[in-house]
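Listed next: structures, encoded as structure tokens.
Heads up, the next two complexes both have subunit A, just with different partners, subunit B and then subunit C.
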Partner chain A sequence: MINLTIVRLTLRGLFGRRRFLLLLPLPALVVGMALLADLLGATPDEWGQPVLVGLGFAAVLPVLALIVGASVLGSEIDDGTAVHILAKPLPRREIVLSKLLVAVVVTTLAAGTGMLLAGLVSGSGRLGIAVLAGTAVGALAYCALFLALSLLTRRPVLVGLVYVLVWEGLLTNLVSGTRVLSIQHYAVSVAERIDGSGVVTSTVSAPVALAMAVAVTVGATLLAVDRLRSFSLTGDTS
Partner chain B sequence: MTDRAAGVIHDIGYQRYQGPRLGRGYAVGSLLTHSLRTAYGLGRSAKAKVFPWLVVGIVGVVAVVVTAIRSVTGEVVLSYLDFPDAVFPLAVLFCAVVAPELVSRDLRSGVLSLYFSRPLRRTDYGLAKLAALIGAVWLLLTGPMLVMFLGGVFSVDGWRAVWDEVGDFGSGLAYAALHAVLVSAVSLLIASLVSRRAVAAPIVVAAFLVTLPIVGLLETAGGETARQLSGLFSPETLLVGVRVWLAPEPDSMDLGGFGPLYGAVTVALVAACAGLLLVRYRRVRA
Partner chain C sequence: MSVSEANERRPPAGRSAGGAEQPGRQPAPAPGSDRRGGSSVELTGVSRWYGNVVAVNDVTMALRPGVTGLLGPNGAGKTTLLHMMSGFLAPSRGTVTLDGTPVWRHPPVYRTLGLVSEREAVPGFLTGHEFVLSGARLHKLPAPRAAARRAVEMVDLVEAQHRRVGTYSKGMRQRIRVAAALVHDPAVLLLDEPFNGMDPRQRLHMMEVLHQLGEDGRTVLFSSHILEEVAQLSGIVQVIVAGRLAASGDYRTIRRLMTHRPHVFTIHSSDDRRLAVALLAKEPVVGVELDPAGGLTVRTSDYGTFTRALPAVAVSEGVRVTRVLPTDESLESVFSYLVAS
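Right, the complex of A and B next:
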């Protein structure tokens, strides 16, 4: 199911350029804010929501997942080298799954390290594990979604930004019912359930969140495989 | 070897251009109008129009809803000063769409040498792009505000009320200009450093998103002084701070005596971003 050559090529595509090092300050910022909050004498109950949810789950995780998820396949489509992979006798399923695996692992490691350390700053190992698990669930669903978007549209990053800013940022705060359709809330909900101390809180119940996250991941991946099967390379955007 | 007939250059009627040269000012003006049109995808394919006009549509819907509520119930949900604050994330989204479109494409396709071989100077290029983005964001904010204004003018009674409405609208336009200048300066600087549009856009959004929780943290965790200074750490609350300083309202953000500091930090941030943008274009390989 997983092709190691594709995995290697994708990793090289991601880390071969210096610009991905620009993303490392983001997770470091989460840890820094947690340390600063601790230094100021705030309790984890006070800083958990702004730092872990407001900064970590609502900003750092979606931005990292967007850049990584949309570029594992999207950058190859952009510069036209995707042809070389598509011309090889590989099942399209293998290409998509290998790329998704790389995207999820990279996003989870990058965002999760910061979240885990920030959780540990609170002095509760359980909180650290909980936010790490939430990050992993979020990374899986986000990356699958953004990977599928990179096959559906020529501007996957902008569509992803509209989703993150308008749908998750504005609408879910105004209309609470739409939270069931927000990946950010799945991630927070999983973290809340594992932690159990109420430092992070969500309005979506954990079983629903987990089921929806799996549904989004599977659905988006199937869609991506299907799109890649009948993929046609078009010219550059205007 | 001395056969002169082989070396004759025939005069086939080429003429040198003898007319007036339009010069640097004209080049800057052209770049400005062209960039402003690019921001909204005018004169380009339908694909280039989708994202800017999607944002315009959402901001417009907000303005129409606010106007409708006011004309039906008479209650002002969002004042002209509240409006730019309320749609701030959408202005950021607009910048994330437009700023990479304005500068990242030129960097990536290597056409800067063509620009700089004209009378246009390097600083002119940066400033023209910045002015175009500021204009585009200002139009994004004030266009829908005009809808609110027309709805408001026709729903109030008496000349005095109309005059008050005009005054409020004027301060709204000025506040929208402040928003446009700050958001554009920050996002254009970021976009000018990244040559790939797909990477520049999320980084622009991240710059605005990650700073907001810092404010939230200082508000909940810090003391009174920390709370009054907390707004300085995010562009969004910085702008609100300037507004509260210049036009104090009851139950708005508590600034203590730090109002002028908010104004100074805003000016310094804009100047720093614009300065770094010019430095970037002085250094960039063309």
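Right, the complex of A and C next:
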């Protein structure tokens, strides 16, 4: 199901891209803001929601997932190196799942480390673990969605940004019913359920959030596998 | 069509076309380790269009063991055809099969098929050896290191194999891609403009490699817009022009057809009028026009016969020919003639 050669090639390709490396310090912002708020005397109840949710779950996690999720396969398709993997007798689900595994692990490690440390600043280990778990759930759903987008459109980053900024950032704040279709709220809901202290809150219940996260992940992955089966080489014809 | 349709279906002389195998049923041996092949690619009524633009139009052909050249000018549809043969593009109409199995949406065909596409890039962060080895591992070969070593040896890149591909010249990148396509010893090898960027020595070596693969019974197809490349390497030629199969068959037959085509020459001589009169008496000459500025334009019905007759006429008339210029020597004009005929 997971192809280690694809995992190795993807990791080397990912860490060789400057765009990705420039984003790695992003999670440090969350830790820095949490430390600053703590130094200024704010309580976790006061800074938890704006820093962990407003910055961590709403910005750092989706942006990292977008760059990584859209890159693991999309960049290889763009630069033409994907043919090396695709012209092999491998089930397309093996390729997609291997790429998705890399994207989820890298995003969780990169974003989750910052979230965990920021959670620990509050003095609560439980909050740290909670936001880390929420980040992992969010990374899974986001990466699956953005990986599928990289096979559906030639501009996955742009479309992904529209989803993150317009749908999650704007619409879910104006129309409460749309929150059930927001990966950000799934991640926050999972963190809220594990933490239980009310530092981070979501209006989507944890069972619904988990079910929706699984549905998005499975649906997007199936779509990506199907699109990859129909992958076409286009461009210059001679 | 002047070339026999039967040639489309006939395997090259001296090469076996029997023993078709089902793709994906056998572990691939290492390259060069034995003789294998017998696979064939069949295209039946294949068309591909993009909106209102027809890139490939109703092509029917069969690729048999041996080396086949896919010849055509730029934009003729060669790459589109190769993408469809390799399962990377769905035909809008018609079928493409490898040993009877449709190639579209069927990855197991890559056990039997190797592809060197024109657009494929090589990750610059890998060494040549790592690139080929990763190909062997993706094929899940039982001895990937040995297969990678042999494939690198075949393309004569042993000394440079541990350098990053990013430092390779274009010709070296082409060769390492061929090595990666050969690592699983495919029965069918498709190459899109494989000699691009290669220097003459590399080109010669690659031709030898492809020729040997064909001799060993593999089905090798390479595309080119250069007549000489096809002439040197392949016995069977498929000529594609404007998306249509213009001619198909033995290279010599097509060459003869090209040679015996109507042609226009501009000739400068010491006595244009005298030469014009003498040439008009020759059968392949269908028209002569004197240019007021000097020289004459000669229309012939047969390129080969005229070029042989001209020196004899000049000598017998005591006329010194200073310049002979074929005016429609471009490959496109040759293709146009083949289509028209």
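Note that in this section the second predicted complex is superposed on the first by the 233 of 238 C-alpha atoms of A that agree within 3 Å, B and C clash if a C-alpha of one lies under 4 Å from a C-alpha of the other, contacts with A are read in each partner's own complex, and residues count from 1 in each chain.
Operating definition for what follows: a residue touches a chain if its C-beta (ideal position, glycine included) is under 8 Å from a C-beta of that chain, and two chains touch if they have at least 3 such contacts.
Values in this document were obtained by computation on a predicted structure and should not be read as measured data.
**Student:** For the combined arrangement obtained by superposing on subunit A, do subunit B and subunit C clash, or do they fit?
**Tutor:** Aligned through their shared chain, the two binders fit side by side on subunit A.
**Student:** What is the contact status of A:L120 with respect to subunit B (first) and subunit C (second): first, second, both, or neither?
**Tutor:** Neither: A:L120 stays clear of subunit B and subunit C.
**Student:** First (subunit B), second (subunit C), both or neither: which does A:L181 touch?
**Tutor:** neither
**Student:** Return, as a multiple of 10 degrees, the angle whose vertex is the Cα centre of subunit A and whose sides reach the Cα centres of subunit B and subunit C.
**Tutor:** With subunit A as the vertex, subunit B and subunit C sit 80 degrees apart.
**Student:** Which partner, subunit B or subunit C, touches the larger number of subunit A residues?
**Tutor:** Between subunit B and subunit C, B touches the greater number of residues in subunit A.
**Student:** Could you say whether A:L222 touches subunit B, subunit C, both of them, or neither, answering first, second, both or neither?
**Tutor:** Neither partner.
**Student:** Tell me which partner A:L109 touches in the superposition: subunit B (first), subunit C (second), both or neither.
**Tutor:** A:L109 sits against neither subunit B nor subunit C.
**Student:** Give one of first, second, both or neither to describe whether A:L158 is in contact with subunit B, with subunit C, with both, or with none.
**Tutor:** First partner only, subunit B.
**Student:** Determine the nearest approach in Å between the Cα atoms of subunit B and those of subunit C after overlaying the two structures.
**Tutor:** In the combined three-chain model, subunit B comes within 14 Å of subunit C at the C-alpha level.
**Student:** So which bits of subunit A does subunit B touch that subunit C touches too?
**Tutor:** Looking at subunit A, the two contact sets intersect at 237-238.
**Student:** With touch defined as at the start, can you tell me which subunit C residues reach subunit A in the complex?
**Tutor:** It comes out as residues 24, 55, 72, 74-80, 83, 86, 88-90, 105, 107-111, 113-115, 117-123, 125-126, 131, 134-135, 137-139, 180-181, 193, 223, 225.
**Student:** What residues on subunit A touch subunit C, complex-wise?
**Tutor:** Touch list, subunit A to subunit C: 3, 5-6, 8-9, 12-13, 16, 79-81, 83-92, 229-238.
**Student:** Report the residues of subunit A in contact with subunit B in the complex, numbered from low to high.
**Tutor:** Counting only subunit A, the residues touching subunit B are 19, 22, 26, 29, 33, 36-37, 40-42, 46-47, 49-51, 54-55, 58-60, 63, 66-67, 70-71, 74-75, 78, 154-158, 160-162, 164-166, 169-170, 237-238.
**Student:** Which residues, counting only subunit B, touch subunit A once they are in their complex?
**Tutor:** 44-45, 47-48, 50-51, 54, 58, 89-90, 92-93, 96-97, 194, 196-199, 201-203, 205-206, 209-210, 212-214, 216-217, 220-222, 226
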